[in-house]
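There are two complexes below, and they share chain A, which is joined by chain B in the first and by chain C in the second.
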Partner chain A sequence: MFKKIIDAIDRRIELLDLFRQNLSEYPVPAGLNIWYSMGAVLLALFCLEIITGILLLMNYVPHAKEAFASVGYISGVVPFGWLIRRVHAIGANMFVFVLFLHMLSVLLMGSYKKPREMTWVVGCVIFGVTLTTCLSGYLLPWSQLSYWATTVATNSPGSIPVVGDWMVQFMRGSDLVSQRTLGRFFAMHVSLIPFTLLLLIGAHVFLMRRTGISTPPWSKTDKTIPFYPHFVVEDLKVIYFFLAILFAFVFFYPQISFPPDALVPADPLNTPEHIKPEWYFLANYQLLKLVPNEFLGIIVQGLAAGLIFFLPFIDRNNERAAWKRPIFGPLAVFGILAYIALIIWGHYS
Partner chain B sequence: MDENISRRSFLTKLIGVVFGATGILFAAPVVKYLIPKSSEGGENIFTNADGKPILENEIKEGASFTGLSRSGPTIIIRRGGKLRALSAVCTHLGCLVKWVPNEDVFFCPCHAGKFDVNGANISGPPPVPLAAYNVETANDGRILLS
Partner chain C sequence: MKNAHLLRWLPRLLLDVHQKYVCVASRQPALHLGIFDQSRRCVFQIKFFLFISFFLLLASSAAIAQESVCFTCHEDIAKDWQQSIHSKNGISCHNCHGGNPKDADNPMDPKDGFVGKPTETGVPEFCGKCHAGVKENYLKSGHSAALIRGGPNCVTCHTAHKQKRASLDLINKELCTQCHTFDRAEKIRNAMLMSESEITNLEHRIDALHAQEYDIDAVKKSLFATRNQFHRLTHVVDVDLILKETTGIQSEIARLKADVKEKEKIEAKRKIYGSIVIVFFLLGALIFWWYRNTILSD
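And now, the complex of A and B:
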């Protein structure tokens, strides 16, 4: 019966042909390693964030007077609300972490080079939009941590000459972080950004399909395997590995995403001691502390972001493996180590 | 054939114009909607977070009070019987400063910036002093800032 329905549909719209072309008969290089599954892990985490986000939306109230209580209601009263909230918050952290790994592997294996420059550029935009998603979602619980981390983050552009103050006010919707900011961030977090991210991910996958998957620089084989089911199984292994890590944190160490200041409602007239942003903003935070001039700090960060964004157009060397390049290799490793060092320094400072 | 091409070219341009005009027509109110309203005029009264005015006699000698004024979060301290009002917003990244009476400084807990009693930035990353306000007391004890 089921087969008959499928056959009837297939005779009309040739769905199975699409399945064969794009999955079961789509060849991928045989020499791929686990680093090539990071995109699939990110897709899985994105789906998880969307599902948990929709569930949270059913009980969250986007109002400064009620947001914190509604989040408490989700965590304390709604059956399994605590699980949904923890998966959403810690999953977002894991998304950023895997995104870093994905970009790192592409960087070190030189996969951003011709003809995949556009894939890299779209990937960088996805990275920026992801950080915006995290920042906008961070404010929603309206805790001391979320309120003051958002105050600091939205204040940063204020040092830009001429338009800085206007930018801060535009982002916040008012002079201070307020109900208007919460309204803006809520709208961005639950509608504008997820749709944008979905479009960007679609574009990224489309570009990857058009240019083909790159092979590791050391791979000599021309052998291919079908994407489905052979490579899907490889993807699933890595996806479940990361899901295991995610749920280990969710069940055994949730405080990684919920420090004490996250458990106190926002007080706009009292900045708590030692307020720190999430780990992925710690390097930026520490840099702003180190550079004496705030505008200079923003310029340095902008230059670093620009360098990463335009990397495929700056680095035109044909050699892909970073470890075979005497200048680029050490520079890339130094950049990565400096970034990690700033994160650790920011954490302990 | 040539006629077809010119018709095609005309229609392409027409679609562009229609889309462009529609975009501008929709964009104008959207932009206006998104630009924040500026704060209203009137008396600049110092209040607590709920909007209740703080009375002059509520701030004791050597103590500080962080509240709101039309200029945003404001901190008032009393020294030698006189009230001194400054913006509580750190000029570095917008955290609120606290008065530390035994050191005679305003301290920002976010990046350890310090300001002296007049609001001048004396250490840490803050680039400029805190804004200072003139304080007047109304007959009913309310604190007015300018």
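And now, the complex of A and C:
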């Protein structure tokens, strides 16, 4: 019966042909390992974020007076609301973490080189948009942590000459973080950014499909395997592994995303003692503290971001493996270690 | 009367104004005979006034605690105060001593309600402005009776500016034997020990549940009230009274324990289901790994 339905559909729209072309007969390099599955993990996490986000949206109230209470209602009264909220918050952190791993592997394996420059550039934009999503979503619970972390984060552009104050005003919609800021961030978080991200992910996958998956630098053979089922099973293995980690945090250590200040409603008159941004902004935060002039700190960060963004056009060397390059390799490792050191320093400072 | 006094008496003032004018205007004077919940409107008005006054009080203590000019001269006291429970709760110099902490030229003007340092015998009244229940119990005690002869007042045990969160540790041999033997104090301490350790234990369990995002506000408030009621008893310095009152406190603790246990059971269940979910995903990963390496490698 089921086969008859499939055949009937296939006779009309040739679905199986599409399946063969893009999945079962689509060849990918045989030597792919766990690092090549990071994109699939990110896709799975993105879907999870969208689903949990829609469910949260059913009960969340984007108003400064009611936002915190509505989040409490979700966690305490809505059936499985606590689970949905934890998965959404911890899943967002995991998304950023896996995105870092994905970019790291692409960087060290030189997969950004010709003909995949555009894939890298779109990937960098996805990274930037992801951080914006996280920043906008962070304010929504309207807790002490979210309020003050947003205050700190939206203060930074203020040091830019001429346009700084205007930028702060534009982001907040008022002099201080307020209902207007919440309204803006909410609209961005639930409508503008997810659709932008969806388009960018589509473009990224399209470019990846057009240029093909890069052969691992260590592979000495041209042997290929079909994308389905071989590589799909490989992807599923890694996705399941990361989901196990995600749920370990969700059920056993949710405090990783909900420190004590996240459980207290926002109080604009009472600044918490040690307010810090989320871990993925800690390196930027610490760098701004180290550089004597805040504007200079922003320029340094802008230059670093520009260097990463234009890397495929700056680095024209044919050798892809970073570990075989005496200058680029140590520089890349130093950059990564410095970034991790700044995160740790920012956490303990 | 400026900032400090105004803010201290504002809630009362607003309530008086409300009772005298607002409800009379709405022709519902009977509602002030203790049956507030018959009229939502009335309750809302009072809540609104109290919210505004509480908000202003909070705003003033949080902001002024940071800006007090007192610290420029009384640096040593400021250091002590910074370690105190008062500092943690936003209670600053002017909240007890009056004056205007924003007026750098004349912060200690009696016109601003400045009362300065109280006399030894005036300390209970001074602290009792806020800790009324404790004062009431203290006045029944032998400590209070001996005050005029140099007996202990609040700061003898709690210190003047470095007050820690009250606990049974305050009843110790070193402190009590400054004036008398430790026998009676030890009896009081032992009588309170079990309930105190139960309260402390319950506080930790409530904090753990709060970290897991459970709604524990009601339980926390009840425990806070019980703890205060229990600690107030100490100030009467009467073992028999403490033993008598402990029965009631124990039943309240038992009720709160049952509430907490209920939530802990839910948390335990969640963890069991969570373990099943994690094992499911790990097993799935293992099966996919095995499938890829055996069947598909051919």
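Here, the second predicted complex is superposed on the first by the 349 of 349 C-alpha atoms of A that agree within 3 Å, B and C clash if a C-alpha of one lies under 4 Å from a C-alpha of the other, contacts with A are read in each partner's own complex, and residues count from 1 in each chain.
To be clear about the criterion, a residue touches a chain if its C-beta (ideal position, glycine included) is under 8 Å from a C-beta of that chain, and two chains touch if they have at least 3 such contacts.
A quick note: this is a predicted structure, and the numbers were derived from the prediction, not measured.
**Q** Determine, for the superposed arrangement built on chain A, whether chain B and chain C clash or fit.
**A** clash
**Q** Which partner chains sit in contact with A:180 here, chain B, chain C, both or neither? Use first/second/both/neither.
**A** In the superposed model, A:180 contacts chain B only, not chain C.
**Q** Contact-wise, after the overlay, does A:269 reach chain B, chain C, both or neither (first, second, both, neither)?
**A** both
**Q** Looking at the overlay, does A:159 come into contact with chain B only (first), chain C only (second), both, or neither?
**A** first
**Q** Applying the touch criterion given at the start, work out whether A:336 contacts chain B, chain C, both or neither, answering first, second, both or neither.
**A** neither
**Q** Check whether A:305 is in contact with chain B, with chain C, with both or with neither, and answer first, second, both or neither.
**A** Neither partner.
**Q** Can A:236 be said to touch chain B (first), chain C (second), both, or neither?
**A** So A:236 only meets chain C here.
**Q** Figure out whether A:78 sits in contact with chain B (first) or chain C (second), or with both, or with neither.
**A** Neither: A:78 stays clear of chain B and chain C.
**Q** Examine A:255 and indicate which partner it touches, taking first as chain B and second as chain C; both and neither are also allowed.
**A** A:255 contacts chain C only, not chain B.
**Q** In the overlay, answer first, second, both or neither for which of chain B and chain C A:321 touches.
**A** A:321 contacts neither chain B nor chain C.
**Q** Chain C: which of 22-30, 58-66 or 184-192 bumps into chain B?
**A** 58-66
**Q** Can you list the residues of chain A that touch chain B in one structure and chain C in the other?
**A** Common to the two interfaces on chain A: residues 267, 269-270.
**Q** With touch defined as at the start, can you tell me which chain C residues reach chain A in the complex?
**A** 58-59, 62-63, 90, 210-215, 270-271, 273-275, 277-278, 281-282, 284-285, 288-289, 291-292, 296
**Q** For chain A, which residues count as touching chain C in their complex?
**A** 72, 75-76, 82, 85, 225, 229-230, 233-234, 236-238, 240-241, 243-244, 247-248, 250-252, 254-255, 258, 260, 263, 267, 269-270
**Q** For a test of understanding, state which residues of chain B touch chain A in their complex under the given definition.
**A** Going by the criterion above, the answer is residues 34-36, 39, 48-49, 66-68, 72-73, 88, 92-96, 98, 108-111, 125, 127.
**Q** Okay, in this complex, where on chain A does chain B touch?
**A** Contact set of chain A toward chain B: 148, 151-152, 154-156, 158-159, 169-170, 172-176, 180, 267-275, 288-289, 292-294.
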